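Paired with chain B in one complex and with chain C in the other, chain A is shared by the two complexes that follow.
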Partner chain A sequence: MKILIADDNNTDRLILKRILTNCGYEVIAAVDGLEAVEFFNDSMPDLVLLDAMMPNMDGYEAAIEIKKATGDRLVPIIFLTSLQEASALAHCLEVGGDDFLTKPYNKIILEAKIKAFERMKLLHDEVREQRNEIQLYNDHMIHEQEVAKRLFDNIAHSGNLNQPNIKHLLSPMSIFNGDLLLVARTPSDMTHIMLGDFTGHGLPAAIGALPVADIFYGMTSKGFSIVDIVTEINKRLSNILPVGVFCCATICEINYRDDSIISWSGGLPDGYIARADEGIIDNIKSNHLPLGVLAPNNFSVETEMRQFSPNDKLYLFSDGLLEAEAPDGSMFGEERLKSVINSYEDASVNVYDDLLKAVADYTQSDKQTDDYTLIEYTIDDLNHNIDTAEDFSDEERQESMEWCFDYDFRPSTLRQFDPLPLVLQILNECSGLKDYRGRVFTVLAELFTNALDHGVLGLDSNMKKSAEGFAKFYLAKKDALDLLEDGFIKIRMEHLPDNESKGGALHIRIQNSGDGFDYSQLKAADNSFSGRGLALVQSLCKSMEYSDNGKQVDVIFDWDYS
Partner chain B sequence: MEDSINMPIVEELKQLMEEDFPLLIETYVNDCDARIDALALAISNQDATEVREIAHAFKGSSSNLGAEKLTSICFRLETMGREGELANANDEYINMKSEYLKVREYFKNLL
Partner chain C sequence: MAINTTEDNGKLIIKIDGRFDFSIHQEFRNAYEGAKSTPKEYEVDMRTTSYLDSSALGMLLLLRDFAGGNNAKISIINTSPDVRKILTISNFEQLFTVS
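Entry: the complex of A and B
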């Protein structure tokens, strides 16, 4: 340790220097305040002993200068004085001195004081070092979070979240609160929505979001149903997440054609469906454990189906909304939330804005609290019109080719998985048909569903006409599939290129093992169909014909590069 | 000499300073020789501030070396200087000079 001493009295300085040298300190001796400041800047001592009264610059002034030069280092200053008046001693401390010693020197007291300051200085240096380390670590962490956020934004882009019929609240750094909001369109023009809330904060919460978004977008674009998507997400999360980390989530599939919503919910608060002029008509209850908790073989993918019609509104949110706190610590809660959503019994009310305001008023915070995630989804007329201009185009154009394939699906296959994404994938590989993927998928999905529901399973399509019937139909389908022992659905696809238009004609034939039906009932005098989604299919295809007592349907789908 | 000098302090200083003890004595004597003349001048000039400052420095050095009687005379002169009351300063100075000469003699003999 280096000590600077300043004393104009030669004998005092000699004695002091000797005492300190004998104690093992390195001593720098100055004869006045001016020299003390100069030596201080040159040699950066650890401790300063200043005589109060000195010529040129006295100890008080020197102390002020020295304190200015120390920055955030602790360099204790001890005044040496033979002055006895309390006011003079107090002045020593006022100018920044840390202590004082009265002359003549007592060797023992001097040594003890220096030792005490040495300990204090070590402690201070340690604290300072730790503070700097924490600062460094914090900077590093923020940098890492920014990098992670960029990475995440690339994978979990906002999807279709910015459609005009969606209103949502999601903090920019929500990923580190563990909140996730994903929206995507399926090839058959349904919408998938997922609201997820991971346990925990920071990177551990964010890391699980990456595979979830990847699976959600990837499988949705390939035409997989939410049953398959939920199964896959749970499987992946249960593999990668540590014990105690999981993802509360609600996943919905909104089908504009039959005005339905299929949902799976685990661990999140109830979602609500509100109808114009009626208020809340239904709630989406969590009836599963969160994603990532159960091993794949114990996981239940049972979904629920409800009516969801134009101008109905769907509300999903994370529990942060219910737990928004008033200054006295009480929570916003379900009742307040429901009463705001119920105000939709007057269809002119802007429920979403009212809800944000109600929470802000309740918490009495100026900023809208970012601790929750909220989405309002409305089917509007725009969505109801099927948009076939989805951007699935591909740069590479090949000559279209002539091919044909047959698929024969048996009960065990029909029970276990949806074969349509597989079929669609094959179409993608084959030709420039990619641009027509959405339309082809829609046609296939409608015809396949008809073949399965009303053909192989023999379910009555009239059941779906009422809200209760909807749910019943859905359960009946499950039961029938479980019990299915015989039966088949055959899909034959044949492609004939048209060299003039550089396009071609896709001939799809779907046969089923059911009892058939009187298709003439669905056919009007002008040959147009209604019911069972057939009007839509007919509008997308060049021709559609039923045969074999309704057990076989043939459609021809024309396409070109125009 | 015991009424002028605190002997244990001097013993302690010797042990502390070791080979530098003569340097300390020399420094003390040189400084004080200069101060004793300066003090005489200050008193004849009736310069109270100067009297106070010189007496203060004289006192500090002397107390360190255990010259206790000299220290108390210096203290009285310093007080006169601070209070601006120099009427008895000359008498005190005469006292001080004779005490200083005794102390100086003692230290010189130690070397």
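Entry: the complex of A and C
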């Protein structure tokens, strides 16, 4: 240990130096305050002994300078003084001294004090070192979290969140509380929305979000229904998540061609559907266990279907919204939320902004500290436009090929899953036509649905003419599918390139095993809940022809490299 | 102590006082892992539980897993309307006997 001593009295200084050297300390000796400050800066001693009264600069002033130079290191200063008055001794401590010794000093007490300060210094250094280490870890962690947050946002919050008919608030803490908001469109221009909330906080909550977003976007872009998506997400999560970690979620499919919302909800608070001039007309209730709780073989997907009207608004949110706390600890709650959403009975009201404001007023906090996720989805006529949804790729053009294939779907397939995404995969093999997959999917989906609903299952399309009937139709379809034992749907797709191989014609024939149905009635039903589909197919294809009493339909879809 | 554990004729009763959240995670685990003999059934008494968050739901699933998963016999009793609502939203009635 290095000790700086300063005393203008030569004898005193030499004696002090001798004592300390004999104790094993390294000693630096200064003759006044000025020299003491200079030596201090040069040699950074661990302890300072200062005579109070010295020429040039006295001990008090030197102490102030030395304390300034030490920063956050602890360098104890002990005053050596022959002064006896209390006020002079107190002054030693006021200027930053840590202790004082009155002259003539006692060697044993001097040694004991130095030892005591040595211990204190060691402790201080240790604490300081630990603090610096924690600081370093903390900086490091914050940096990692920032990187992780960017990654998380890129994966979990990409997609079509920025559509003009969507307003949303993502908890700024979302990576740490596990909130997730995903929006994507299917090839046939349905919109899929998922709001998820993982249990727990921090990294474990964020990690599960990655496979969920992956499955959601991947399967949506391939045209899978939310039933398949929910099943797959639950399977993956139940495989990878430890027991006790799960994902509360609501997933909706918004279908503009039959004006329906299909939803599945597990573990999240009720979502709401509000209608212009009416307010809340329906709620999306959680009727399942959260995702990742049940093993795949115990998991069943029961969805609900509802009819919507233009300008209906869908609200989904995480429980953080209901649990937003006022300063007294009480929670925002369902009733306050419902009363804000109900204000949509006046269609000119901006419900979303009012809701954010109501929560902020209630919690008396600024929006930055909000810890919830919310989405408002407005049913919007603009979303019908299918042509703009295509994403033309710049891949090299290949010669257009001639091919043909047949699919024959039997009851077990029709019951269990939607075969269209698989059929669509073949189009990826035909470059050029790949860019039209959205339109082809739409055509296939419409014709396949008609073949199944009105052909194989023999359901009456008249049922769909009212909102109540529509819901009944949906249930009747489920029952009929469960009971289906015989029947088939055959899809034949034949592709003929044009003369210059710049495009071609896709001939699609769909046959069903039903007793036939009145397809003209499907077409005629203009402006009803069904029927828009066939008009759309007709507008997308060069020709459409039903034959054999509705048991067969042929369409020709022309395309070229545009 | 937020958690009080008693054994009664093969039944392990875990009583939770106050907020049931992550702060009592270890204590809750100790309550069932520390049982002297293997209980035949479990009872989580929430008479004095004021609040339940999602990590508590996770802890209940851990207990269920510990107690044998689908074969576990666990009842959650004396739930207040608030607590009941949280269990209902998550559809935990499918996994536990709630009253």
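Definition applied: the second predicted complex is superposed on the first by the 515 of 562 C-alpha atoms of A that agree within 3 Å, B and C clash if a C-alpha of one lies under 4 Å from a C-alpha of the other, contacts with A are read in each partner's own complex, and residues count from 1 in each chain.
The rule we apply is simple: a contact is a pair of C-beta atoms (placed from the backbone, for glycine too) under 8 Å apart; a residue touches a chain by one contact, two chains touch by 3 or more.
Owing to the predicted nature of the structure, the values given are computational and were not obtained by experimental measurement.
Once the two complexes are overlaid through chain A, chain B and chain C fit side by side, free of any clash as defined at the top of the document. In the superposition on chain A, A:245 makes contact with chain C only, not with chain B. In the superposed model, the vertex angle chain B-chain A-chain C (Cα centres) comes to 80 degrees (nearest 10). In the superposition on chain A, contact is made by A:268 with chain C only, not with chain B.
With both structures placed on the common chain, the touch criterion links A:477 to neither chain B nor chain C. Once the two structures are superposed, chain B and chain C can be ranked by residues of chain A touched, with C on top.
When both complexes are overlaid on chain A, the residue A:286 reaches chain C alone and has no touch with chain B.
With chain A used as the common frame, the shortest Cα distance separating chain B from chain C works out to 60 Å. Overlaid on A, the two complexes show chain B and chain C touching no common residue of chain A. Against chain C, the residues of chain A that register as touching in their complex are 197, 199-201, 243-246, 248, 266-269, 286-290, 293, 298, 319. Contacts from chain A toward chain B in the complex involve residues 8-12, 14-15, 18-19, 22, 53, 82, 103-105, 107.
Only residues 22, 54-55, 57-59, 61-62, 65, 70, 89-92, 94-95 of chain C touch chain A when the two sit together in their complex. Contact residues on chain B toward chain A in their complex (touch as defined above): 13, 16-17, 20, 23-24, 27-28, 31, 56-57, 59-61, 63-65.
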